[in-house]
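Per-chain numbering from 1; labels A, B, C, D, E and F assigned in written order.
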Amino acid sequence: MNTARYPAPTLADVPDDIRARILEVQEKAGFVPNVFLALARRPAEWRAFFAYHDALMLKETGSLTKGDREMIVTTTSAANNCLYCVVAHGAILRIYEKKPLVADQVAVNYRKADISPRQRAMLDFAMKVCLRSHEVEDADFEALKAHGFDDEDAWDIAAITAFFGLSNRMASFSNMMPNPEFYLMGRVPKEKK
Amino acid sequence: MNTARYPAPTLADVPDDIRARILEVQEKAGFVPNVFLALARRPAEWRAFFAYHDALMLKETGSLTKGDREMIVTTTSAANNCLYCVVAHGAILRIYEKKPLVADQVAVNYRKADISPRQRAMLDFAMKVCLRSHEVEDADFEALKAHGFDDEDAWDIAAITAFFGLSNRMASFSNMMPNPEFYLMGRVPKEKK
Amino acid sequence: MNTARYPAPTLADVPDDIRARILEVQEKAGFVPNVFLALARRPAEWRAFFAYHDALMLKETGSLTKGDREMIVTTTSAANNCLYCVVAHGAILRIYEKKPLVADQVAVNYRKADISPRQRAMLDFAMKVCLRSHEVEDADFEALKAHGFDDEDAWDIAAITAFFGLSNRMASFSNMMPNPEFYLMGRVPKEKK
Amino acid sequence: MNTARYPAPTLADVPDDIRARILEVQEKAGFVPNVFLALARRPAEWRAFFAYHDALMLKETGSLTKGDREMIVTTTSAANNCLYCVVAHGAILRIYEKKPLVADQVAVNYRKADISPRQRAMLDFAMKVCLRSHEVEDADFEALKAHGFDDEDAWDIAAITAFFGLSNRMASFSNMMPNPEFYLMGRVPKEKK
Amino acid sequence: MNTARYPAPTLADVPDDIRARILEVQEKAGFVPNVFLALARRPAEWRAFFAYHDALMLKETGSLTKGDREMIVTTTSAANNCLYCVVAHGAILRIYEKKPLVADQVAVNYRKADISPRQRAMLDFAMKVCLRSHEVEDADFEALKAHGFDDEDAWDIAAITAFFGLSNRMASFSNMMPNPEFYLMGRVPKEKK
Amino acid sequence: MNTARYPAPTLADVPDDIRARILEVQEKAGFVPNVFLALARRPAEWRAFFAYHDALMLKETGSLTKGDREMIVTTTSAANNCLYCVVAHGAILRIYEKKPLVADQVAVNYRKADISPRQRAMLDFAMKVCLRSHEVEDADFEALKAHGFDDEDAWDIAAITAFFGLSNRMASFSNMMPNPEFYLMGRVPKEKK
């Protein structure tokens, strides 16, 4: 039950542009997160997936911090029971927020997490988009505004939630497993890694 | 309740590559489906969205026909209560399948639709990915294989379901409305349009 | 999967009073809606069913228009995933409301439909009776009153919802299929039919 | 919370045919069950309701005993959380089955009730019609057949379930309260009443 | 389906302290409630179970009456579909509240029961702890306070709910059956027993 | 949102027997897990709680290892969204199983965890008791037996699940927070702590 259903290509087998990006990630992280190779067996989908990812997660505008974004991913991925995304993005969340406990907290019950009221409102909105998007209504946007989020921020929250809903389903259906390295990242002071 | 929350750009305002694609679609369909302009307010997301869409919906390999793919979209979008996608892709489904009734059938209850046992198995798999992806297991792939779907087809079904789950959430959250033209497409013989 | 489980009698086989009503409907609609023959295999149930139907759908008192009533039927039947009732009553809804798009809208997500705030409140009440009748409370009646619905109107909304909940279960369990004619009714200007 | 929302007419106020039936019931039961007067404020609906009731509950054909039918009503009404129907029909169930404990058992968890395997299969079918009628499929009918139920019996089970689903919603929405007499009926030997 | 899966020990087989308590209960109730022998096959668990039970149900402090406590048990046990606890504690509830109808009412739909607004608020809190404890928030405590319940009362309500959630699962999983005597207790004037 | 609603007593304030046990735990673990002080504000409940805990978690008989038991706790506590129990028992699970990744795996989706088929069957049974105990049936016991679990093991699995369902509700309702120490326990080789 714990190996990927679809064999991943090796680095040598993937197109150059994909290999270049993967090497860049490996350089930075110290290992290749499994999603990069698992999806590379279909280059066109890979390119679209990471273009979408980057457009949402690397954008410089808006009021969402990178920690906020990873918090949305970890929380909604837990609601979708996606092992890969909870573990991988929980790791990044810990690092960005510099809070070793926060990922486990939002994954189990974000209502109990040690986060700001602004982040709580952000997650309430994200969870509604994740679980009941057809019921989103004006009041949900008003609740965001009370914490300083404008309509562009609402779009960011919704789009991140929607994109990782896609990612969650791909990872779960294909039995994508998180790299062991992720489990410990951000839990202990950096020099120990 | 029935106007988009986010104002769409005009054709004049969008980047050239996006405009070119939109004009191409308009040429073919006779109108511009709202999703093309609604998402164009964020060009990077637009490009990723349609690159993903094309990779899944226009690919030439695998055993899924274009009608099969639209059937997956219509059925799972109904499960997500997404008005835009049910109406727009239901129209395309009617055209590809040359069955004026099939879109309404799969949208209300795919178990009652006038489709092949192979398509029924395809939709069973899609609905599980849509609603309970964390429970997908070997038996689900076996059920597909009994109807001639291999693992690449399973990936196609899952990826289409996952991608339109993203699309459903974006459309519902932003109150994207389907163009009136879609509602009638494929219901009456072509010369009457 | 798409034929009725129970063979319907022919017009020649049904009791005179039932045949008379069926001929009257056929005269008006141009065809015999399948429910009339499907249920006629049990005349006593048929008579009770249509007596109930007429008491609710043809009554002249109260503030619900005929379009309102068909809107309740279409919306709650979609919540019950009843193909027959969504298609057949969606057709009548389009005709009464003179809105070719409204049936598809309320069937997929009534919150997005192009309807009045009064109709939205009516459907909120109907959906609560449909899905969680044991939780109906004073506040639900108050919400109706804010839109001019009195307690008799509330009864009408509830009774229509309850009656078609019966109809939905009978149609789904017995695999009753909507006549093909319904799918297009009310979508195109009358002279084209 | 425990009085009916709609005032019931008095016996003197109802049409003659309705009064005749009510008096007959009163003669037999020793009191007038509240549903008879509560619905009588709308004579046309009353007549259809009891015509339907009688067609299903008093019919002489088929293999369902009167106890079986009341068991279906009690079980599915509990699933719908309908106080009136659980209490009133639970009473009749105890009497018909001559089992003072059975009504409480099926209302709380029919899987634990002291009933026959045939009755268990009957209730499995009824509960599926009650809660997920759109998923009823051939296998459900096969399971019935293994216990000697034919397709007409299946119709009876489904129709009783569907009709009392209507009744449950009417009773709950209108706050119809069961007569105190019902609670004790069939629990103690008859001479003690 | 209606006999316990695990054979209960006889009185002669249980440790002295357990036998003493059981004899005391028998003396008072006139029979041995099945839970006392069913759990006695594991003395250490038995002792912990009844110590917990007594700490919550026999405590002398706080504003919850013994009737209130049994009402919580009956209502939440019905939500958990536990036959043993609904029947056994429903009996005790009738006796403590001196209301022969109240147990059936809260078991089917506590919103319709003939109870005080204070008891209704108590049950709203209990049902949230029973079904969605992770969503309990300040507003739930505020709603209790409006009816005079302080934080210690809230603890009592929650702990009773939680403890009987344990009891419900043990009884259902092991097929523990309520003694026939419980069904009638508190329904008829005492001299008739 | 992240502090306990009920102030915990200090060690000096608790009865001697409770203090002795707490000191023993502190000696062994290096800190006092919050549940020990949080519940100590009510000594009678504390004693029953830990007596029950010990009877199930420290018993020497049966085929469940200590790691198995903590795996049941972590998995079902995640299903109940209980932050305290997932974090605290996840830590103990990692230690007993000597698997630094297993707790996060079973908490997010036990179907994807790196566990034995026997443990998978154990968790399937536990999750049914946790979420749908009223539907437990013979087939569930048979599935256990296929992996060598006898009826006493089944009782252990059910009782652990039921007991921690109590614990989950108490922790969530009272906002009990896990000690920070738990989050890292068992993730890194012991000498690094």
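In the analysis below, a contact is a pair of C-beta atoms (placed from the backbone, for glycine too) under 8 Å apart; a residue touches a chain by one contact, two chains touch by 3 or more.
The chain lineup, named per UniProt: A, B, C, D, E, F = Peroxidase-related enzyme.
This is a predicted model, so every value here is computed, not measured.
Note on connectivity: the fewest chain-to-chain touch steps from chain B to chain C number 1.
Between chain E and chain F, the least number of touching-chain steps is 1.
Listed here as common contacts of chain A and chain F: B, E. At the interface between chain C and chain D, over half of the residue numbers involved are used by both copies, so each side presents largely the same positions. Centres computed as Cα averages put chain C at a distance of 44 Å from chain E.
Note: centroid distance chain A to chain B, computed from Cα atoms, is 24 Å. The set of chain A residues that touch two or more partner chains comprises 81-82, 109, 111-112, 134, 172. Judged by the touch criterion defined above, the protein chains form a pattern that is neither an open path, a ring nor a star, and not fully connected either. Those residues of chain C that touch chain A in the shared complex are 109, 111-112.
The touching residues of chain A, counted against chain B in their complex, run 5-6, 42, 44-45, 47-49, 51-52, 54-56, 59, 80-82, 129-130, 133-134, 136, 141, 151, 154-155, 158-159, 161-163, 165-170, 172-174. Against chain A, the residues of chain F that register as touching in their complex are 1-2, 78, 81-83, 86-87, 100-101, 104-105, 107-109, 111-114, 120, 172, 175, 177, 180, 183-184, 187-188, 192.
Touching chain C in their complex are the following residues of chain A: 134-135, 137.
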